[in-house]
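Labels run A, B and C following the written order; every chain starts at residue 1.
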C-alpha cells in the first residue's frame, strides 16, 4: 500500500513531535443538570494513539463527544490546534477531525460506496459536487480497507465486522488526520475485534493519523494504544503508557477489580487477568 | 480523589421510569393470594365515587331542574308523573349510556395502547370509529336515494354504525394479521383505514342534502342527545359480557408488553392472545359507537390519565374504564347545564382532552405505552 | 505494535468495482427520471384531452397550438383544462417533494405532511373565513388556508420540540395529532349550528382541482417555486442527516440550518398545495416510496423524482375522477385516498421489520 492520496498526511511513521492537536481545559460536561464529567484536563499530541478506558457510565463516551464538538461543555473548553473548537466553523472542524459514533446506523439500501462517498462532504460545495479527487480518495479508501469487493452491497446487509470496516473507510475518505472512535468493537466477536483494531492501528502507523478511541477491553486497549487514559465517575484518574496505567492498584481503584497484571505473551503489553470483583 | 468521586456519584443516578409505582401489598386468604399496589385500588374506588356523584347530580339538573329529595323519591318508586317521566325515561337512560360508553371507550383504549405499546393507538386513530362514521353517515344521507341506501336507512343509524365499526375492525384484523399481530403494523394499517374512511365520509357529506349533512355532522362528533332505553339496554347487555372478558385479558397483556419472544418464553400462546385482545377491544368500541357516535378523544386520553394516576408501566384496565365513565358523564353534565347551546358531548371531550395531551408533551415526561 | 498483522488477499484493482457499480446505479436513475418525465407529459395530455366532454388528441392539439381559434373546444382547453392541469402539476409536485423532505428529516419512511398540522391548520382558517367573513369561493380561501397551514406547522413544531428531548418523530406526531383534534373540535363547534357554512366547507375539505381557475394557480405558484428551490438546496444535507445527527455534524453539516431549510420548504409546499386544492392525502406518503426503488436513499435524486411522480399521481387521479363518475366527477382527494389506502396497506405488510 504505497499509493498516497493528495490530502493524506505524510506516509512516514508517526513522529510524536509533541505538538498538541486536541486539548481539554477544565472541562465540565452535563446533560441538563446531571454532571457527567467534572474538571477534566487532557492533551493529545500529534501522531499519538490514545485509548480512553473506564467502567460503564464513567463519562468516556461523553468526553469523546465533547472532543468531537458534538456536545457543548458546561464549563471549560476544547482546543483544536490551539483554537476553541466551539468557535471553529462546523466545516473547518470536519476537515480536521473525523468522528465515528458508537453503533452508527445507515439508511436502508445505502451502499458501501455511497456511504464512503458521503465522507467527502466537507470537501464539496454546490459548484464542486464530485471531483476527480473525490473519486480517487473514495476508491483508495475502499481498497485500503478491503471493502472494494463489497462496494455495491447495502450497508445494512453486511455483517457487523464488515459494517464497521465500511464506517472506518468513510472516516478515512473524510481525510482528517485526527480520528475519534467510540467503541468501534461493540457487538463484534473476538476475531472481528482484532480485525477492526488492526485496521485502526494501520490508520495510525501507515497513514499517520492521530487516533483517540474509547474501548471496553483493557487487554486490547493496552495492546494497540500507545497511551491509556483511565476515567471513573467523570474524573480523569490516570494517564500514561499502558505499563504505567494498568497496575493492580489502579484496577482496584477504578474498576473495583482484584486482578493480576502479567505481560501479554504475544505483544508484551500488560495483560489483565481478573480474580474477582471487589465490593465497596 | 475519593472525595471527588463520591460527590460526582451523588449527582449521577437518574430516576429510571420517573414514576414511583407505590408500595405493593400482598393479600393472602388460605390458598388464594393476590398482589396489588394500593394506588391501583384507590383510583378505581375514587373514580367510581365520582361517577356516582356526577350521575346523581345529572339526574336533577337540566332544562327542568328537580330537587335532590324529589329525585331520590322518584328513584324509590314514588314521585309525581311528570318527574317520573323526566328522571326515569329521559335522564336516567341518557346518563347510563354516557357512563357505559365512557367505560367501554376507556377500556378499549387501554387495551389497544397496551397491546400496540404506543400511546397513539386508540380506536379513533385505528379507523374503527371512522368505519362506524361511514356506516352512520351513509344511513343518514342515502336513505332517500338508491336501493343500497334504502337498505341502510332501514337498518337505522345505530345498526349501520355497528356494521361499519365491525367491518372496519374485521378489515383491520385481517389486513394486519401476518402469523400474529404486530402492534406497529396494526397502527399503520389502522391509519390507512382511517384515511379511506375519512375520504368516504367526506364524499358522502358532499352528496347529501344539507340538512342531512348537518345531522350527520352532529352524529360524527358523538352526542348523547335523545338517547333512551333503546340504546341503554343493548349496551348494558353487551358490556356485561365484554367487560369481564377484557379484564381477564389484562393478565395476558402484562406479559405481551415485554415483546413476543419474552411472552412466548413465559408460556403465552402469543398469536391467540393477541387475537383475543383485539377482538374484545373492537367489540367494545363498536357497541359504544353504535350507541352514542364516536365521542372524540376518550379512548386516547383516558388511559394516559389513568396510568399517571395509578402509577405503573401500562394503562390500568379497570381504572381506565371508570375514568372514561367519569369523563363522559362530567362532560355531558357540562353540556346540559353550563354551556349556552346544546353542543354534542364529543366537542367537549376533545376540547378538554387535546390540550391535556399537549400539556403532557410540553412537560416532557416520557409517555408510557 | 509488534503484533503480526493478519495477511489478506490483495484487493482487486482499486475502485473498479465501485466505479462500475456507480455507473450502473446512475444509469438506472437517469432511466427512471426519463420514464417519469414521459409519464408527466402523458398525464398532462390526458388531463387536457379527457373530461366530461372528451376531445380527440387531434382536436386538443389544434386548440392548444392555434390560439386564433375561438371554437368551443378552444375555450374548454384554454379556460378550463390548461389551468387545471397546470395547478395539478404544481400541487402534485409540491406534495411529492414535501413528503420526501418530511420522510428524510424524520428518518421515518411513513412520514406525511398531513401529520404535522397542515391540514388541521388550513381547515380551521378556512372555516373561520367562511363563518366570520362569509368567503365562499376556492380562490377566496387560498390566503386563509395558507396562513392556517403555516401557523399549524409552526405550532406543531414548537409544541413537539418544547419537551425535554427536543423534537423527535414521535413527539412531532403526537403534537400533530393533538393539535389536529383540538382544531377539528373547534371547526365542528362552528359548523354544527351553521348549515350554510357547513355547506361551503364540505366541498373544500374533500380536496379537489375542480373550480380552481388560473387565478388560484398564479397565487400559489411563487410559494411552490420558492419551496422547490429550498427543497433542492436541502437535499444534500438530508443525505448526511440520514447517517444520524452525530455523523452529519462530524462531516461538517450545520444541523439547525438543514432543519430550518427543510421545515421552511415543507411548510411552503404543503401549505400552498392545501391552500390551492384542500387537503389531499397519500401523495406525499406514496410518491417518495415508489421512487426510492430506483433512486435509492440519495436525496439529490429522490427529491426531484418524488416531485415528478407526485405530479403524475395527482393528474392521473384527477383524470380518473372525471371518468368514473360521469357526468359528474369524483374529487381528486377522494380518488387518491381510496386508491392510496390499499397501496399503503400492501407496503406495510411487505416490510419485515418495523422502524420508526
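Here is the rule we go by: a contact is a pair of C-beta atoms (placed from the backbone, for glycine too) under 8 Å apart; a residue touches a chain by one contact, two chains touch by 3 or more.
Please read all numbers here as calculations on a predicted model, not as lab measurements.
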| item | value |
| --- | --- |
| Identity of the chain that, by mean CA position, is farthest from chain B | A |
| Chain centroid nearest the full-protein CA centroid | C |
| CA centroid of chain A to CA centroid of chain C, Å | 41 |
| Distance from chain C to chain B - Cα centre to Cα centre, in angstrom | 34 |
| Euclidean distance of C-alpha centroids - chain A vs chain B, Å | 52 |
| Residues of chain C whose C-beta touches two or more other chains | 164 |
| Complex contacts: residues of chain C adjacent to chain A | 1-3, 5-6, 8, 11-12, 14-19, 21-22, 24-25, 107, 109, 164, 236, 239-240, 242-244, 246-247, 249-254, 292, 296-298, 355 |
| Chain A to chain C touching residues, read off their complex | 3, 32, 65, 68-70, 90-95, 97-101, 104-111, 113-115, 118-119, 121-122, 124, 135-136, 138-140, 142-144, 146, 148-149, 151-152, 174, 194-195, 198, 201-202, 205, 223-224, 266-268 |
| Interface residues, chain C side, partner chain B - complex | 110, 159-160, 162-165, 171, 173-175, 177-179, 181-182, 184-186, 188-189, 191-193, 195, 198-199, 202-203, 205-206, 281-282, 330-331, 333-334, 337-338, 340-341, 344-345, 348-349, 354, 356 |
| Residue ranges of chain B touching chain C (in the complex, touch as defined) | 119-120, 125, 175, 178, 182, 184-185, 188-189, 191-193, 195-196, 198-200, 202-203, 205-206, 210-211, 213-214, 217-218, 221, 296-297, 300, 341, 343-344, 346-347, 350-351, 353-355, 357-358, 361-365, 367 |
